[in-house]
Structures are given as structure tokens and as C-alpha cells.
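Okay, so chain A shows up in both of these, paired with chain B first and chain C after.
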Partner chain A sequence: MKKTISALLSLLIAGVMAAGCGSGDNGSSEDGQNGGEKKVAISFWALNTGWEWLEPAVKDFENANPNIDVELTQYEVDPIKEALKVAASSKTLPDMWFTWGGTLGSFYPENGLTMDLTQIAKDHRWSEIYNKAAIDMSTYDGKVSGIPVHLNVLGMWYSKNVYDKLKLQAPKTFAEFESQLAALKNGGVVPLAFGSKGGWHTMRLTEQLIEHFAGPELHDKLNRLEASWNDPAVIKAFEKIQEYTDKGYFPKGYSSLDPTEAESLFYQEQAAMINEGTWFDGNIMENGFDPNNYDVFKFPNDQPPSRASVFAEMFQINGGSSPEKQEAAVKLGEYLTRPEVVNKYIEQYGSPATLNVNISEKTPHLKTLLDSAGDGAFLITDQALPQEVVQKLFEAQDKLAFHEWTPQQAAEAMDEAIAKYKSK
Partner chain B sequence: MEIRQPSWPVQAIRYGVLIVLAVIFLVPIVFIAFTALKSRSDLLTSPFYALPEKFQWGNFAKAWNQGKMGMYMKNTALISVIKVPLGILVEALAAFALTRLNFKWSNAMFAFFLIGMMIPMQATLVPLNIFLNKTHLVSTYPGIILIYIGFGIPFGILILRGFFRTIPKEIDEAALIDGCGDIGKFFRVILPLSMPAIATLVILDFMATWNEFLLAQIFITKDSMRTITTGLLSFRGEHSTDYTLMNAGVLLSIIPILVVYLLFQKYFVSGLTGSVKG
Partner chain C sequence: MTARALKPWLFLLPALTIYLIVIFVPSLYTFYLSFFKWNGVAADKVFVGLDNYADLILHDSVFARALKNNLLWTAGSLILMIGIGLMLALLLNKRIKGRIVFRGIFYFPYVLSGVIVATSWAWMYNPTQGFVNKLLETIGLESWTRAWLAEPETALYAVFVAALWQGVGQPMVLFLAGLQTIPHDPYEAAVLDGAKPYQSFWYITFPLLRETLVIVVATTMIASMKVYDIIYAMTGGGPAESTQVLSSWMYYQTFKFANIGTGSAISFFLVLITMVVIIPYVYYTTKRSHL
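The block that comes next holds the complex of A and B.
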């Protein structure tokens, strides 16, 4: 019996050890020697799904730079946020990582965790390589803190079939937009295919309504928390959300509707418009539809300049990595965003922050949207505001829809949340 | 003694309630199956309760191959077949010591183990990450298995200690007379008598390990080592989700749990009831 037990235990221990061996190397980033030249190994965390181009592009980079080894780890959206937070707290951040802009990306430079790329941006003439809006969105406190990879621009997508049936054309003014909402509703179509579960779908309308009523200057101040949200412009924007809900301009039960379900109403032509971004051509294709049956317009907020909502994505570099690793990471980041590489993978690449690239015919609306940011852009609200204030805005949207709060109360609640955030 | 059959209205109500409950439990699975068998455009243009326009059996093959569900299941199975028996062995040894070795602070030690159940997993992420990085165990199977065993210990001890206490001490004495030491008593007497509790733990532990998400998403960074729950997320992109393949993946992923449950289910209830008697 004892022999059997010993054998069982040995088997289990051997199994654990074998599993450990089977896991391969542990992603060691130790430097080694290669033909006399010092080899640098860098760790790089990025997104996975939708980023299928990244692995071959990194392999191309390694082939072109035999002295640099890249240990690429790809995560899904929520896991990378979680993993970066844990790594930042335990001081185990990789040498380079993907992040979104705004308050998600600002955490790292604000805590001194990123490399200051300002001088490199100047020396390498980034202003000629990347879209200015993307560089601006990667800059915190005057310091360039990330290599811009994507610039996503939002617009109001609509179904050409629905618009043709009701003899409508893309609106040019806010009044026209509102009259179309009524016309669509009367025509038996839900005007806005919004699913507010999670809050951000409706937020994309709220922010444009604020832009319309407040104007660019006040809107920027509101986003920087330099002006009170208990402002007539904000209250008017909130009144519109409530009014549109009451008039049935959103799908029934939209407060708890998943954005994907709202998207399905759009494809079924039961709803006319959806507020999506530069990625949406890809979504339409993946879902088995033809992007040419849809079009997009910039939200007519009647402001000069008429600004689009944008958000950037970037690669940040670890401020604590050795100079050799930082140099290798900059080289990799710049390589992955150079026009030749973007052009090679353009159909999978998404919405590049890089200028002078060839846009694929398969994404017919990408250029229109990127160009629409040329007049000016503001950072999307859920990246512009601190996350706890964003959550209060989402709550306000829901409570407005259910008439639990008046627009005035919602504006006051926002102010309270901001005061609480500032008092920390 | 004659067992009295309940009257027919009682039977009818009983079956009626059971049928309603069965329908409530089955409806989500049916909708998952419908979604798994639709094309993406069919899913987006038809109500979720509608039958697929054309049955897309190929979704399962796509989820298995393109979605790498096969690889993720293999990885999860590898972790589970090591973690579950090893964890239960450790838990059983601890429960044996707490109930049979008669040492002074056994109750206090039992309470100490239970504290482990009260610590939120999220609070341990940073220290565990530091530990795994320092020991070079990040993204290794031994690393994740060690953590899983650690988190499983309090519940395992709770169940097994309760069950071991129901085994009469006279049996220990008989074993002693027959020449068994503590080790022999554990393996030859206590463990065989505790099969219902162990089978219950196998089911619960296997399910917990198979479905674990939080730790796996942080500590397994290599795609080739990912587990099923984190692998399922690969159907979700930054701006869209492929619900058809995700649901096909979900259906595939529950097969092993069903198999384990069916294998051990006859012990399940007696294992749980035995464990709370003590």
C-alpha cells in the first residue's frame, strides 16, 4: 500500500514538474550574446482579437532586427486592463504595452511609469508621421507619453435603405437632425439604435448634445473639470436625452439593451442610425453585410468648428526599463506604425493614427471619418473624465430615462461626483 | 410496511412544478444552442428565440479549430487533472490531522484555515503577482496550480473535516489493533469510507477549476497555455463580439463538466449531507 501511495505521489509531482517544463520558457528578458552583438529582449503586451496582424508584423521586425527579441503577449480587452493594473501595482510592467488614451492611458505617465517620448517625437518628426489629434491624445502634461497607433473617430452611421425609403438625406444642421428623428419615428422606424447597457452608447449622443449646447470651449472645460456641470448647457443636453426617450427615439428598454442587440436592430432596418466609429465598416463585413449599403455623417452640432468625438490608442514604454530596452521598444513601436507596415496589413489594422497610408476599398467610410476629424476633435467622454465621474454620467443617463432624476438633479449629481473626486 | 403513494393531485402538482423548473433551467441552454447554430447575419436579423434559418453545424468546428477551443480545453484539462486530486489529497491530509491526531489547537487551526474563504481573490492579485514574478512562475502550470490549490484548501477542509467527524472513532481503534499506523489509517480506512465526500469535492473542485477566470486571465499570459474561460474571450474583439462561435465554444466547454458530474453524481448528495452533520 505504501508503495502505491509513494508511486501516486511521485506521479503527481512528476506531472506538476512536467507541466512546468511543458510551459516552455518563462519569457525571460535577459540579454544574451548573438554573434558578438548584444541581444536585447523586450516584453510587449497588446490586444489579441482584431489584432491578428500584430504577430506577423512583430516577426517581420525581429527578422529585420536580429539583435532584438520581442516577447509578445496578447490579451483580450478587459484582461489587458486588469493585467496592466496588477502589473503597475506590483512593479512588473512589461517594456512596452498597448493602452487607450484619456484617463485609461494617463494613469501610467501620471504615476511616473512611462518613458517621456517628447524629445524622440521631435527628433523623429512625429508631426509628419502621425495625425496631430492622435499625438495630442497621447500627450499628458505637455509630455508625449505614447506612440500613437490608432485614431478612432465617431460618426452617426445610417442605413441607406431606410433613408431612401423615407426620402431623407444626411442632416446638415441640428434642427434637420431633430426633424429626421421625428420623421423616422412617424415612418415606423426607431430613429436611434442605441443600447445603453454599459452606458457608453448613449454617452456618445450625450457628449455631442453637450457640444451643441455648450460649444467647444465650455465642453473642453467641462471635460477638464474646470467648469461646473450644473450649467444650463448641460441641463439642456440632459433634457434632450429625456425628451428623446419619451418620444420613443430609442429602442424600447434601451437602458438595459446590450449595444450588440441595438446593432441587430440596425441591420434589421428596424432602427435607422447608430453612433459608431471608424471600426464599423469591419463590423458590418464581419456580420455578413455590405458596408456600401450604409453611410455615415458627422453629428451636426452646429458649432464652428464642428468637432468629432475621437479616441486614440497607443503603445507606452516602461520608464523603468533599461535604456537599451527602451531604445528597442521605441524602434518596435515606430516600426509597427510606419506607413509600409500599416499598408501591408491595412485590412486588419483598423483606423491608423499614421498619415499617408492607403485605405482599403473594403472600408469605404474610414477615410470620410478620419477626414471628419480634420476640422477639430474632442476626446471621447469616457476617456476624458475620471472613471468614477464617467460612472455617475452613466447613472444620470439611466435615471433621466426612467424619470428618477430631472435634468437639473442629474447636473447637480455630476457636480457632486466631481467635487468628491477632487476632494480626494 | 406498505409505502403509501401520494394522491394524484399531489403527484400532478409535484410533476407540474418539476416540469416548470426544468423548462426554466433548460431555456437558456436552448437559446445558447440556437445562437451557436446560426450564422452571424442570421443572429443579427432574427429574434433570439427563432430557430436558425440554416443550421450552421460548422460553427462547432470553427470554434474548435479557429477559436482554438480544443487547445484551451486540453490546457484546462491538464490543470484540472493535476490540481483536483493533488488539492483533495492535501485537504484530506489536513482534515485527517484536524480530526484524528488530537493535538491541542486543532479547532483554532481549523478556524484559521476557514479565514482563507473570507479573503477576496481580487485582494490577493498584486501580492500573488509579485510572488510569481520573483519565483519565475508567471505563466507556468505549476504557478497556477499552486495558487488554485491554495484557494481550494479552506473549502476542501471544511467539507472533509465535517465528513471525517462522522466516521466512528471505534473504526480507528479497530485499525490500530490490526496494526495500522496513522498513514495506514488514513489511506486504508478513512479515505475509502469518505468516498461520497471525496466524490462531491471532485465535482465541485473540478467545476471551480474548469470555470476559474480571474486568476487565469492575470497569471497565464501565453496564448498556448490559456484555459477555456479566458480562451472564450477571444471571440470578443475590441468593437464586436462573435456570439455564434462564442456560444458554440460555451456548449463545447460544458461537456467535460457534464461528464464529471454524471460520473460522480450518485455520491454527490450523500457527500454534502455527511459533511454538514459533524
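The block that comes next holds the complex of A and C.
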């Protein structure tokens, strides 16, 4: 037994010595050098669901850039928001991270945590690579603060089967839209497949109703908190939410229904329309349905120009990282958004902010939606308003549905929340 | 101080150091932050004294709702969670067929993740396709069907039922452990003296379970005050903030709104009311028991 142990130990020592000698021959890889260039490791936090393409794309990048190691961590929606806030407080933000635009993404540049990409955008001709709207939505205080990755446009998706059965066509005016809601309800179908746990589905309707009644100028002022929400246009929009609820245009219990539960009503043709975005072809496929059985229309808000609701997603880079890491992060961000990479993963990629990419046949509505923002767009409400005010809007939507608040009270509550936010 | 007197402190030191670093200092820092307005990142924290507390108590209707919900949840847990847990334990402590299997069945939900339980129950409560309403329809109680999670009057109770289903296994197991430490002699003597089953329970089982009860009540109360995951996953605090509890509102204030001072004030408030209830309770009950 002793002999065996001695033999094993001798082998181990010999192995260690051999490894030690070997390191002299291959010093570059041991001390982080490769081909004379220093090896850089960067941390990158991104989303998980819907981002299945990211891991292989990052692997491709590492293969093409052997001097850069990427430590990718993927999160779900709320966990990434939480992780970023905690990391920002403790000065442990990764070198690059995913974020949404608007008030969700502005927190980091406003607090001096992101790298100013303005010069890089200029030098690398981003205006020729990315959609202008996406660059604009990644810009805060005149500084480009993120590499645009997605530009999402929202629309009203509907089931062709349901519409055919009731001999309906995509509405062109608001009056037509409302008459279709009644026709669908009378036809035994829930008109709007909304699941507003989290508030988003109703919010997407509310913002279009505000656009309809207030017009683009006032709507923008409301979102910039430059106009009072206690305005007849907002009150009319709130009246509609209450009216549609009372008329049964939403599924039973929609205010606490998960969006996935509402989606299931849509696929089963128990509900006709759903307020979703450029990513929705992917959802339809994931659920085993054919996107060609569905179509989408821009919400007929009767405004010239008829604007769509949009939002951008971007990669922000840590302003406190070393120049080498920042350079590597920019390289990675630009790689993940270059047309060849987008084209390679286009079926899973979602709605790219990158120009001149090939749209997959499997996402037949992507182009229609992107084009629908051509006439103009407004930033989606939950990214346009401060988060406290967004939460108050969600509360107002629910309280309107339950008749706990009148539209007037809901508008007043919004103004109070805005005043409280401004007084901070 | 003699070496002998120092010895216990020396053994306590590693645990005490970890406790101080991981629990005590962050708690103290949270308390300190609750007197400031701060977004978690800015270099300057603005001292506001008790403003965060005053604002919560005087102007935040969601905070008031959350506090009320926490108290309701605690009352429900103390009565139902412990009551049902004790009943199950008494039942499964008897020599009945398949009691091991039943213990497993009742304890099983407790090992599931809160999010899984929340997702399953949310589907069961689905107003049109869910099991609960379908069951009511099948047994002729169609008029009782409703959107359980979507009505402010029922949402919190609906979530509580799911939490009860998940959590009742824990007090059951603790009570079972307690019951198995009670010797048979007092029961045999009680039977000889002509005691009825309820008298045996009241005069023998209940007093001898006191130590277990102290632990079960204390842990249930603490868990009720910090309840979060199942509510957040099932309703997100809605509809109309009707299911917000202190922990979820603290999460919103801290991580969604970046109001670190307000979030810290809520968490300290939570600690304070838990301590106000728990410390006297444990002190009083342990004085009367052998703990």
C-alpha cells in the first residue's frame, strides 16, 4: 500500500515539475498573453428568454477574437433590472449589460455609469449601420449611451380565422375599430386578449387612446411631464378603458391575467386581438402555431401622422471599466449587432436595430411592423414615464376597471404621482 | 476575566463575527439609509430625517394597504397554517394505514419553489379555463365562480390559499416531531382516570407541545411578515395594488423606483414590527416553558 502511495506521489510530483517546466515554453498563454496581445476578460449581462441566439453568437465572437474572453450571465426580466441596480449601488456593474431604453436605461448614464459612445458612433458610422430611431432612443443628454440592438414596434395582432368568420378586415379608423370590438363581442369572441398582470397590455391600449384623444403634441408633453394629466383627453382615454371593461371587451379577470394566459385565449381563437410587438411572430412559433394565420395592423388612432408605439433595447458599457475592457466590449457589442450575425440568427433575433438585414420568411410580420413606424413613433409609456408614475398608471387602469376611481380621479391621481416624483 | 470565562466567547467569536458582518452591520446601514433620500448610486445622500417614515405613514396609501395585508396574512397563518398543521400532525401521529405516504404528500408542496406553486395556482384560478371555476361549475355552483385573482376582494385570500397549501407541511412536521417526544405514560394514566380524548389533548398534548408551539408560532410569524415570492409571482402586488405586502412594496421602492431611503424605511419598519411582536412573545413563552 505504502509503495503504491509513494509511486502515485512520485508521478504527481513529476507531473507538476513537467508542467512547471512546460510553462516556460508557453509563457504567453500562461500569463494572459497570446500572440503578443494581452488577453482581456469582459463580463456581460443579458436577458435569457428570447435570447437563445446570444450564447452561440458570443462563442462565435470568442473564436474570432481569441484574446477576448466573455463571461456571459443571462437573467430573466425582473432579475436583470434588480441585479443591475444592486451592481450599480455596489460599483460592481459588469463591463457590458443589456437594458431597455427610456427611463429604464437612462438611470445608468444619468448617474455617470456608462461609457460615452458618441465619438465611437461617429467614427464607426453608426448612422449607416443602425436605425436612427434606435440610436436616438439610446442617446441621453446628447450622448450616445448604448449600442442599439433591438427596435421594437407595437401593433394589434389579430387572428385571420376569427376575422374571416365574422367577415371583418383590419380597421382603418378608430370608429371602425370600435365597431369591430362590438361585432366581435356579439360574435361570441373576446375582442381583446389582454392579460394585464404587470399592466403592460392595458397600458399599450391606454397610450394609443391618449394618442387618439390628445394628439401627438400633447401626448409627448404628457410623457415628458410637461402637461397636466388632468386633461380632458386623458380623461376620455380613461373613460374608454372603463367602457371597454364594462362592455366585456377584455377577458374575464384580465387585470390579473398573466400575458401568457391571455395569449392562450388568442391561439384558441376565443379572443381576437392582442396588443404585441415585433417579437410576436417568434411567440406564435414557439407555441406551435403558424404566424401566417395571423396578421397585424397599426392602431388606428386617426392622427396625422399615425404614430406607432416603439421601444429600443441596447447594450450599455461600463464607464468605469479599463480602456482595454471597454474596447473589447465595444467590439463585442458591434459584433453582436452587425448584419452578418443578425442574419445568421435572424429567426431568433427579434426585431433588429441594425439596418440592411435579411428578414426571415418565418417572421412574416416583422417588416410590416417596422414599416408601420415609418410615419412616426412615440416611446412606449413604461419607458417614457418615471417608474413611480408608471406604477400609478397601472394602479389607475385597474381601479378604473373596478370603478374604484372615476376617470377624473384617475387623472388627478396621475398628477399627484407626477408632483410627488418632481418634488424628489 | 479568567481564561475559563473567556472560553465561551472564544468559541462564539467565529459565528459572532459572521453574524456581525452579514446581518448586524447591513441592518444598521439599512437603518442609517432610511434617513436619507438616495437613488443608490449618486455620490450625495440627502439627509431627510424621519421624512421617509412620515411619508410612508401619512401619504402612501399602498404602504397602508401593504401593512394591513401583512397583518391579515399573519393572522391567517397563525390560525389556519398552525391549526391545520397541528390537526394533520395529530392525525398522522396515529397508527393509521399509509401514514408515511400521507406525511410525504402533505409535506411535498413545502419543498417546491414558490414560483412553481404560484404558476400552478395562477392557472388553477384562471377565470375561464382554470380548475377552480370548472370544479364549481361541475358541482352546480356556477354562481360562485369568479376571477379569483383579479378581484381586489378575493385576490389576497386566493393567494393565501395557495400559500397555505404549500406551507402547511412545515408546522405539521415540527408538530409531528414534538408529538413523538411525548411519552405514552401520561395518556395511559389519563385513560385509567377516565379522561376523554379532548381532555387528553388539552391537558397532556397541548402543554407538552408548548416548546414546539413557541418555535412554530415564531417562525410562522416571521415568515408571514416577510412573505414575498408567492405574492409577487401570482399577482405582482395587483390588481390595483390590492395584494401588496411590505416586502413587495419595499422591492418596488428599492429596485424599481430607486428610492433606497424609502425602501430601507419599509424594511426597517418590517423589522421593527416583527421584533415588537416576536420578542415579547418568545420571552413570555420561554419563561413559562423549559426552553
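We take it that the second predicted complex is superposed on the first by the 393 of 424 C-alpha atoms of A that agree within 3 Å, B and C clash if a C-alpha of one lies under 4 Å from a C-alpha of the other, contacts with A are read in each partner's own complex, and residues count from 1 in each chain.
Quick note on the criterion: a contact is a pair of C-beta atoms (placed from the backbone, for glycine too) under 8 Å apart; a residue touches a chain by one contact, two chains touch by 3 or more.
Since the model is a prediction, treat every value here as computed from it, not as a measurement.
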By the touch definition at the top of the document, which applies to A:G248: first (chain B), second (chain C), both, or neither?
neither
Touched partner set for A:P56, first chain B, second chain C, both or neither
neither
Which superposed partner A:Y267 touches (first chain B, second chain C, both, neither)
first
For A:P232 in the superposed arrangement: first (chain B), second (chain C), both or neither?
neither
Between chain B and chain C, whom does A:E82 touch in the aligned arrangement: first, second, both, or neither?
both
Larger residue footprint on chain A, choosing between chain B and chain C, goes to B
I'd like to know which partner A:N111 touches here: chain B for first, chain C for second, both or neither.
second
Which chain A residues are contacted by chain C in one complex and by chain B in the other?
82, 86, 89, 264
For the chain A and chain C complex, residues of the former touching the latter:
81-82, 85-86, 88-89, 107, 111, 113, 197-199, 251-258, 261, 264-265, 270, 386-388, 391, 394-395, 398-399, 401-402, 404, 420, 424
Chain B contacts chain A in the complex at 39-41, 43-45, 78-79, 81-82, 85-86, 89, 125-127, 129-130, 133, 136-142, 145, 183-184, 187-188, 217-218, 221-225, 230, 233-243
Help me check something: in the complex, which residues belonging to chain C touch chain A?
37, 39-42, 59, 62, 122-123, 126-129, 146-152, 155, 235-236, 238-241, 251-252, 254-260
Per the touch rule above, chain A residues touching chain B in the complex are 1-2, 5, 9, 12, 15-17, 19-20, 22-24, 26-28, 45, 47-50, 73-79, 82-83, 86-87, 89-92, 260, 263-264, 267-268, 276-277, 279-280, 282-283, 286-289
